[in-house]
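In the two assemblies presented below, subunit A is common to both, partnered first by subunit B and then by subunit C.
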Partner chain A sequence: MGAYVLRRLSYGIGVVFGVLFLLFILFFTVTKPDDIARRALGEKAPPEVIEQWKINHGYDRPLWPWQDWDDNLLFDHYERMLTFDFGLSDADDSPITERIASGVGPSLSLTVPLLVLGILVAIPLSLLVAFFRETYIDRMGVFLCVLAMSVSMLLYIIGAQFLIGKVLRWYPISGFDSNLLMLPRFLALPLIVGVLSGVGGDVRFYRTVFLEESSRDFVRTARAKGASEARIMTRHVLRNAMIPILTNVVLAIPFLFTGALLLEAFFGIPGLGSITVDAIAANDFSTLRTMVFIGSLLFILGQIATDLSYGLVDPRVRFE
Partner chain B sequence: MMDLEPHVISNLVTGALLVGIALIARSVRRQRLWREAATQLWRRRRIAILVVGVYLAIGLLDSIAWKGGVPEDVVDVLPNAPLTLIDRAFLGSREASYSAPFADVEFYGGDPLRNPGSHPLGTDILGRDVLYLSLKGARVALLIGGLTSLIAIPLALFFGVGAGYFGGRFDDGVFFLISTLASMPGLLLLIALIMAMGRGTVSVCVALGVTSWVGFCRLSRAETLKLRELDYVAAARALGVTEIRIVLRHILPNLAHLIVITFVLMFSGLVLSEVVLSWLGIGVDGSWGQMIDSARNELSREPIIWWNIAAAGTALFGLVLAVNSVGDAIRDVLDPRTLKEAP
Partner chain C sequence: MSALLEVRGLRTVFPGESGPVPVVDDIAFDLDRSEVLALVGESGSGKSMTALSILRLVPKPGRVDAGAVALEGENLLDLPVTAMRRIRGRRISMIFQEPMTCLNPVLPVGAQVVEAIQLHEAISTVDARARTRDLFAEVGIPDPEARLDAYPHQLSGGLKQRVMIAMALSTRPEILIADEPTTALDVTVQAQILALLRDLQRERRMAILLITHDLGTVNELADRVAVMYAGRLVEVAERRALLSEPLHPYTRGLLRSMPALARPGERLPEIPGVVPPPDQWPSGCRFSTRCAERFEPCADRVPSETEPAPGRRVWCHDVERRLDGGAGK
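Up next, the complex of A and B:
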């Protein structure tokens, strides 16, 4: 077990280095510091202003170690990202770390309920559909899932905002308030939209998992000994389907932090997703690469956590 | 090649695609397995296949362009611009501003239209016919789904089959690359790629391709690992068949059903991702995503202008639903693993 954890962690570190290298390629060589400066300052900025901007943002050094071993952007990029010293935004010179810190709270207040609600809706529904397999209800359920999956997220959001804000005129459709009493009012709509747009794919996936499990021998045995179908579904099928479900859920956790990009931006929630969207609009490369790095880091941690938690859920899993 | 104009290249590519489709159709008819799968598919999803066919036909009509043949009195066309069949069908349909479906007068102001009653879906803020724009979007959507798959699937096959079949260092390298790419959140990587490469149709397709090949690469690697241990591969090797030939004749044909399934299921996902990209301002010109994005604020006008977002949304929904539904049926028909689902 110990050796496995160690190996898994070191592979994860390797992947982090790979991600950082890819980011360097994308944000320093494909888009050169000169391009970044020009996009921040405008096409007609004089060369000396661009040079000054590059010095201020630390872009005035050579790219590769073989150009200057002690002072180059590649090593600097690794050092700063790995020590979480993200520096200044390329667009408005504000410190990135502070902005990210201020975005975590609002992001989590949307995405944690979204994840929990999504699971609470998807698993009972898919159990129900799997329970009625090969019947009219199953076929209707699968068809509704495909239907729900075929609508663009954007249309869900626009439709919901239009209905609540324009047709019914219930309440302001976008905004945020950290006051706990006001919060549900602003979170209700993004939550409904988020669950609705995700439920189709989830139910279909879980249904396949449940169906696979319900054709196993132990299910037949349980049926033979006279266990009721409902008990079989919850006791035998659901429990054995935990591994794929767990994988699906844990891999979704990193997105709690990077936030639901569209939902946050449309519903005016000042979280990490909104920061990313603003960074795209403002050509803010340093913020963008920081967000990609944080997202990847969390994803890698999530993967390691999933791999290690298999043993907790399923005692048959052995680590070699 | 350099002196060919874009529309000539587009015509040639369309021709090549048609020939390719004809060749594929011929080989489907020849082999019993594929012929039966096609028959079953047709029996199960007749309507969805017809809908996809309609979209393909519209995309085709919009892909063949030539110059000239424009009447003198048409104003809003650049002289000597190549026009497609769809463009020609809607020549001179442009109005000054909004008009409602089948209206005779402009939406604001009430001035008479140039072509009263001839816009079944109304016109947008610039006076362009919404039906025309929706039809034009079909080609863009097919391009996004098709071109991206043509980038992603060969890439995934090359690395996946290579890694699975040859193993060793190459496998380690590919596996590391896959883990690295898969660790970066899809949408963020997509945005980063497009921001770095610049905006435009080709860079959007390349970025979508780079972010979407990983899943299929993993799948084809796993399948190849299984296939390489089978008896007929060992037999072929014993007979002295070269490695390349084994991969081409014995491994790839056994991945064909996965290629088809992946292609169809990937397609709708790609079309939907483009909508999000359009909203972020880094999408493809003329797509339904851009129509939806530019029309979304018009819902807050008074009275409500709903027809352009409804048209683009319906066109998008129709294509994605039809492709998803065909994809589901293809998976059921081609993938024997799902047969186990029946109790």
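Up next, the complex of A and C:
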């Protein structure tokens, strides 16, 4: 198993290298260091100030190694990321590590309940529609899922803010409070929206998994020995369906840390998602690359965790 | 006295493009106590569907459309679902063709047999486990104690089928339905499993509905044989009578294609063609499209049941004609 983890890790390092390279190319194809400076200093900043800013932030160097082997932005980019030296934000010179540390809490306070609630809602619903397969309950369920999936997240956000926040005035429209007593009031709307917009796709996916497992030969065996349909679903189908479902869930865990981009931005939650959205809007390369780097690291760790969790639910899996 | 299991007019259909298509059509037979009845026919004849219909396990969207399946006079097709569950696995058990996929891959095999016992008996897990171990020993699983905690993928096909047999026998059913129990196994393992089934049947005196497409298996085990073609019975007879003097052209074809009965060096004659799919079954005698004996009424009229000898039933226009001729009208 150690060898297995090592193999996955080395593969992961390759992925991280690729992601960092892609980000670098994409960013600097559309944005020049001058643009970063101008966004930080304001459109009217005089050229000398811009030059000085670039020198201070290291953007006076050429982009590519072939322009200057010893001192170029690409190598610096890799060096800083791989040594976890994230530095200062290009937008406001705040230390990035500190900003991330302050954003993790708000992000997790939204994303963890979102994941748990999503599972708690999606699995019973999908078991229900799968149990009533090929009846009108099933067809209604699938129809509602597709409907829920087709509505844009933005519409949910605006709809929820208007209806629940403004008309009914149940919960605040947006904002955040780290006080544990106040927090749930602020999280209510983004959680409702998050569950609503995600549950359709999840139920449809889980339903497919359950239906596939329901048609297996061992289910027929269980029926032949006299097991009830409910028992078959919970003992035989669910256990086997956990394998693909776990993949789905464990793969989502890393992204709990990177936050929910749209939800955080629209509901004013000062989490990592908001930081990322702000960084994109502000041409803040140093913050953006840090978020992408951390995201890709977490993704790889998540994949390894997924594979290892297979071993827990599927006795056939052995790691060589 | 009536038979243990009486199947009458059984008809099972699947929805087709132009209405329901029968895959089992007007099947009727008896299964006596401690009798082994073989249900024989080529692949696609509807043998498995007949068996699944008896247990009401026909996969959707198929359904049993007509008929009766009486277990000691009680029609299983009329039972409420919960009552039917008490029949399955307790009075009628079933084992399947594919031991590879018939066990739940994420549960230890012992636990799956324990489940079968506990579904029908109020018995502690410890006691059910002890009984499972004894059953494993009885069906010839080496080192039964250790095998209780094995997962299916750790066992060979033969061992898995033995586990299935142990599971099926765990509640001492009166009837075992064995759907091609050896087809998916190696030849040597096939012989062992057949021998096991024969021994178990003798000791426990249970009735077996043995489904097979292999007349060699019939010769080993069966008391009586029902031959099925394209959803219908074509001939029912005592094993010896059927093997020595087959009356239906289809039975004769099956017998001729059996390696054990051919002379050395002789090429095995096959019945030309294959069983057509259910929506293309001819309206008269279903076998008429492949029959060498075919004559004018065969394609148009369904042959009626004839009883050329006591306990022997044949559905064939040719046999009917010869019987009528022999009786001198």
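In this section, the second predicted complex is superposed on the first by the 297 of 320 C-alpha atoms of A that agree within 3 Å, B and C clash if a C-alpha of one lies under 4 Å from a C-alpha of the other, contacts with A are read in each partner's own complex, and residues count from 1 in each chain.
Criterion: a residue touches a chain if its C-beta (ideal position, glycine included) is under 8 Å from a C-beta of that chain, and two chains touch if they have at least 3 such contacts.
None of these values were measured; they are calculated from a predicted model.
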Practice item. Could you tell me if A:134 is touching subunit B, subunit C, both of them or neither one (first, second, both, neither)? Key: both
Exercise for review: Using the touch definition from the top, say if A:27 reaches subunit B (first), subunit C (second), both or neither.
Suggested key: first
Practice item. Check whether A:263 is in contact with subunit B, with subunit C, with both or with neither, and answer first, second, both or neither. Key: neither
Review point. After lining up the shared chain so the two structures overlap, which partner does A:216 touch, if you call subunit B first and subunit C second: first, second, both or neither?
Key: second
Check your understanding: Now for A:299: first (subunit B), second (subunit C), both, or neither, which partner does it touch?
Key -> first
Check your understanding: Any idea whether subunit B or subunit C touches more of subunit A?
Key -> B
Review point. Where does A:291 make contact in the superposed view: on subunit B (first), on subunit C (second), on both, or on neither?
Key: first
Review point. Now for A:313: first (subunit B), second (subunit C), both, or neither, which partner does it touch?
Key: second
Check your understanding: After superposition on the shared chain, which partner residues are touched by A:149: those of subunit B (first), subunit C (second), both, or neither?
Key -> first
Check your understanding: Do any residues of subunit A touch both subunit B and subunit C, and if so, which are they?
Key -> 134, 215
Practice item. Name, in rising order, each residue of subunit A that touches subunit B in their complex. Key: 11, 14-15, 18-19, 22-23, 26-27, 30-31, 133-134, 142, 146-147, 149-155, 158, 162, 166, 208, 211-212, 214-215, 254-255, 258, 261-262, 276-277, 280-281, 283, 285, 288-289, 291-292, 295-296, 299-300, 303
Exercise for review: Would you pull the subunit A residues touching subunit C in the complex into a rising list?
Suggested key: 134, 215-218, 220-228, 235-236, 239-240, 243, 313-316
Check your understanding: Where on subunit B is subunit A touching in the complex?
Key -> 176-177, 179-181, 183-185, 187-189, 191-193, 195-197, 268, 272, 275-276, 279-282, 289, 292-293, 296, 299-300, 304, 309, 313, 316-317, 320-321, 324-325, 328, 338, 340-343
**Study point:** Residue numbers on subunit C that touch subunit A, as the complex places them
**Key:** 55, 57, 59-61, 82, 85-90, 93-94, 96, 98, 101-107, 112, 115-116, 119-120, 151, 153, 164, 167-168
